[in-house]
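Each structure below appears as structure tokens.
In what follows, subunit A forms one complex with subunit B and a second complex with subunit C.
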Partner chain A sequence: MPNLNQPRNVIPGFGLTMGFSLFYLGLVFLIPVAGLLIFTTTMSWADFWSAISHPQVVASYKLSFGASLIGALINLFFGMLVAWVLVRYRFPGKRIVDALVDLPFALPTAVAGIALVTLYASTGWVGQHLDVFGIRVAYTQLGVVVALTYIGLPFVVRTVQPVLEDLEAEFEEVSASLGASRFTTVRRVILPALLPAALTGFALAFARALGEYGSVVFISGNLPYRTEITPLLIVTKIEQFDYQGAAAIGTVMLLAAFLLLLLINGLQWWASRRH
Partner chain B sequence: MSLTNTSSSLSNSSIEKRWRRATEEPAWLRLSLILIALAFLGLFLVLPLIVVLYSAFSQGLSAWQAAVTEPDALAAIRLTLLVVIIVVPANMVFGVATAWAVAKFEFRGKSVLISLIDMPFAISPVVVGLIFVVMFGSQGWLGPWLYEHDLKILYAVPGIVIVIIFGTLPFIARELIPLMQQQGKEEEEASLTLGANGWKTFWYVTLPNIKWGLIYGVILCNARAMGEFGAVAVVSGRIRGETNTMPLHIEVLYNEYMFTAAFAVSSLLTGLALVTIAIKSAVKWNDERRQRIAAA
Partner chain C sequence: MEKTTPTNIWKKSKLTAAIILGGAILASTMTFSATVQAQSESLQILNVSYDPTRELYREYNDWFSNYWQEQTGETVTIRQSHGGAGSQARAVLDGLEADVVTLALAYDIDQFHERSDLIPADWQSRLPNNSSPYTSTIVLLVRDGNPKNIQDWDDLVRNDVEVITPNPKTSGGARWNYLAAWGYALDKFDGDEQKVFEFVRDIYKNVPVLDSGARGATNTFVQRGIGDVLLAWENEAFLATEQLGQGEFEIVVPSVSILAEPPVTVIDKNVDAHGTREVSTAYLEQLYSDEAQRLAGKHYYRPSNETIAAEFADQFPEVERFTVDEVFEGWTNAQETHFNDGGRFDDILEQVGNPTN
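Now for the complex of A and B:
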């Protein structure tokens, strides 16, 4: 029986738009992804396990996950600081700074890669000053962290900024009038309100960093066991026509991406409930 | 009388001072936070930008011009433009159709659909390339069949197009879905009740409303499509002058120590990135102004 309380939707085109959308998603996304997963299942468990647990591959997981985590943590801290400064303070050039935050999102990763290695090489504008202290960035694991920090930079800023803008001043005033110091207000009132958004941004930056290829390969030097990230290993295997090895490692990366997306969806659900 | 007045104004100002101390930060702290934030952004955002532009033009304008008009560079630019002419309209139709279905209708599994659209964003570009190598490669699912029928997808334009479609799938849809959800469907309903058909309603009511979001989505999709690297590197085979897009051409030049030329081609994509974020800001400011006017 039709629900009489709900008027009939007069808007047309549901079948057409939904049908096209699902057809398109299926054709360019779902079927190809399923193709990779099924291809991986044609391997024996022993082959799969030896492909994903080879010491060189394990070393690349450690670097990829470790450097992505450090980069995302750097972005968590500085992202909240940048969001705070952009929302709460006035300074000249603020709008330009605000716009520039999106640059790593719009700049091709290969361009970012050659720009970063040029800056951080031991003769570069930044690298030569670090060289004095014996700090090497280009062609080391530190370089991987720098590249992954760069490409993850917009996420925490852009998730925290709108929440901070919508935060009612009343809560802070109540906290202050109850005698809390500014530091206590920030720690006990503002930070908890920003937490879900900040963690969402952190997870997005981490997910993006984990799969990143273009900006890293120029600055990392790609030494096996030392500065070789997991996506590079997949490229190497494809170039050697080792499809099975590549598919096994690619499946691991794909599962990591799915888990991170689940986590991000959970965080967003948590954030929307808090509002 | 005057004495009490003075004392009350004094205590007023001291209350105000204490109040300000409790609801905002002291000036020195504000200034240091601004400076730390700007130093971080200067190091990570501005310096890379300057190094690209400086290196591109350090040998003079004629060297820059020579690098971007040399035959391999022109071939890379042509291929990149060809690819985005296919990719951007395809993802635009997908984005508009999906946003229409999601924003104007209630159906089960809507949140699953939205999460699905987000997914290409979290998948490594290299894995995107791998997915299509497994699909179309010589040892892949369709490889033997394609070989028999003399069809080339991998190491050719179709392969490049499809990985870029996959990689930039979410961008236009992601811009339009929240925008169209926020605008609701009253205006479309009014138009339809007044007798306009669906296409007319979309063309004259919906499209003007989503114009700016759509423009930004298209520009972002275009910038990301032109700059896509990892996925294209896997499927293009890097055939110089044939299957090298601009980012791959940059890589080739850089690896051959032709740094000025690499940065010259990079400066074109950097200009495109700057235009992209300028349009995003313009759309955002326009939105904020309209909201202020609506609120007033």
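Now for the complex of A and C:
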């Protein structure tokens, strides 16, 4: 930590800021998480295992992790595209489009869910046309993917955008003047520079999608074994007064998400080192 | 300037954290005592209720405030909270300071005694008619003209019919729906448990969306246009035909249904802490008064007072209704057999939902 040895820091009072950071993190984050884990430890191992391995619960993990992954991958690709368009081109209404990207952050997720289901129900504006081809979105697993893609949109755009702004167009010219094809320039010059930021965005979008509840419950249909996401299952358990079962599944989600994020962070570190 | 070493950073940050923590605790106790004081100055009670009673209690609360003012000269403010019956009960159990609860079924209220000491075991015998000032039943709501020709429970297992009902795990109304279907089938198959199970399972095979509460299911059916038939509280079905979409829906009364008794009680521990026992008790007792009984009828609940019920005879069709006590030996038993983890409803979910079966 180079900061420690610097005699003068722009913000004085390292002790104060560090103390407050620790206190703040402890209060808003560590205590609730520790509470969850401690509550889970009151269960016997057999109870814990049967709570987290019931086929209905396993089916919900598959849907939650699968749909979140697909949603985040879609956002990785299209988010980079949107960021590129917003940084590299000038067009009328660009600022408005730029502001629109943040909308999924601000809109209450329930509103998003209701809007999506109104559009994609087989009587809705979009849904009725898809219905002709036999594609059903609302109340299917596809609907879950649509909702999770929607709420994850801003992450990749907002992480890639500043990096792209710093990446001078001259690099591309240099690359071209050294004889590289367009494809090689993208592959060898642009992508490696964007990769760490894109991975961060991907990780954020994925993590956000895992925890999402409000928008999904409206569009998924909530059928156990088929369209029931893990957060909904946790809520259902709590409403049946099964606090322990809910905490057990919550712990699994917590650990799985933590491991996955650790893995993505590792990838990111590796990508930035290689660059 | 002193060079900062990791050890004294740790000391300093601990000290700072301790000061801030102390300040936060002090601040929160001060706000807390402020709220307690504010509460004792004006008479205020909180009624925690389930989803479809909004309209009824909005009107009854106005009536009761006037009544209480006339009787005692005191002003009482009634605050209302609505939501799915299961989550409302859990909120009270977790510390929402309700003075009275008016919930969808007795099992949820039983939990206040089973899992806590909020009320005594004999709560349901404290007011007439099992503490249910009004009753209801489960009916079938279909689209105008009844295009799928749905007449009775038997039609719900047909392959071409989509049924909308909420999740019995979270919704009180959904548990009444389920038990109504089960009770009908018990009679139809002469108590053959396996056939009854298959009948109810086949109804859930036709369910495309499982909402968490009764209002959610009504919205799915009415606003989204999903499904051919909605299993609904009678009052909720009336609301749909009279207010949400006039002329768009029809009520089909099945040959037999269940007597739904949504019970009420004061929460003893809370009213004693708030000093609101007298007004809370009166609030519930007055639900049995002629005026309140008429309000219940107006909002499509069946009044328990027979004279008042007769005034609404045109509104409510005759239907043979069995009770949970007769057919399922009480709510605790029904809950354990059917809705708890590993119960019959879980078996249904597994057979309907698990693609491997």
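Note that in this section the second predicted complex is superposed on the first by the 226 of 275 C-alpha atoms of A that agree within 3 Å, B and C clash if a C-alpha of one lies under 4 Å from a C-alpha of the other, contacts with A are read in each partner's own complex, and residues count from 1 in each chain.
Assume contacts are C-beta pairs under 8 Å (C-beta built on N, C-alpha and C of every residue); 3 or more make two chains touch, one makes a residue touch a chain.
Just so we're clear, the structure is a prediction, and the values are computed from it rather than from any experiment.
Once the two complexes are overlaid on the shared chain, A:F171 sits clear of subunit B and of subunit C alike.
By the touch criterion defined above, A:L107 lies against subunit B but remains apart from subunit C after alignment on the C-alpha atoms of chain A. Using the contact criterion defined above for the overlaid structures, shared-chain residue A:F14 touches subunit B and also reaches subunit C. Here subunit B and subunit C are compared by how many residues of subunit A each touches, and B touches more. By the touch criterion stated above, A:W49 is placed in contact with neither subunit B nor subunit C.
In the superposition on chain A, contact is made by A:W84 with subunit B only, not with subunit C.
Of the two partner chains placed by the overlay, only subunit B lies in contact with A:A246; subunit C stays clear of it. Contacts of A:R226 after superposition on the shared chain: subunit C is touched, whereas subunit B is not.
When the two structures are aligned on the shared chain, A:F39 is found in touch with subunit B, with no touch to subunit C. Annotation: subunit A residues 14, 16, 18, 20, 118, 232, 235, 238, 241 touch subunit B in one complex and subunit C in the other. Of all residues in subunit C, those touching subunit A in their complex are 1, 3-4, 6, 8-9, 12-17, 20-21, 84, 86-87, 90, 93, 111, 115, 167, 169-170, 207-212, 224-226, 339-341, 346, 349-350, 352-355.
Residues 9-14, 16-18, 20-21, 24-25, 28-30, 32-33, 35-36, 39, 78, 81-82, 84-86, 89, 91, 95, 97-104, 106-112, 114-116, 118-119, 124-126, 149-150, 153, 169, 172-173, 176-177, 180-182, 185, 207-208, 210-214, 218, 231-232, 234-235, 238, 241, 243, 246-247, 250, 253-254, 257-258, 260-261, 264-265 of subunit A are the ones touching subunit B in the complex. Those residues of subunit B lying in contact with subunit A across their complex are 19, 21-25, 30, 33-34, 36-38, 40-41, 43-49, 51-52, 55, 90, 93-94, 97-98, 100-101, 104-105, 107, 113, 115-127, 129-135, 137-141, 162, 165-166, 169, 185, 188-189, 192-193, 197-198, 202, 220, 223-224, 226-230, 233-234, 246-248, 250-251, 254, 259, 262-263, 266, 269-270, 272-274, 276-278, 280-281, 285. Here subunit A touches subunit C in the complex through residues 4, 7-8, 14-16, 18-20, 22-23, 26, 55-56, 59, 117-118, 121-123, 138-139, 217, 221-226, 232, 235-236, 238-242, 245, going by the rule given at the top.
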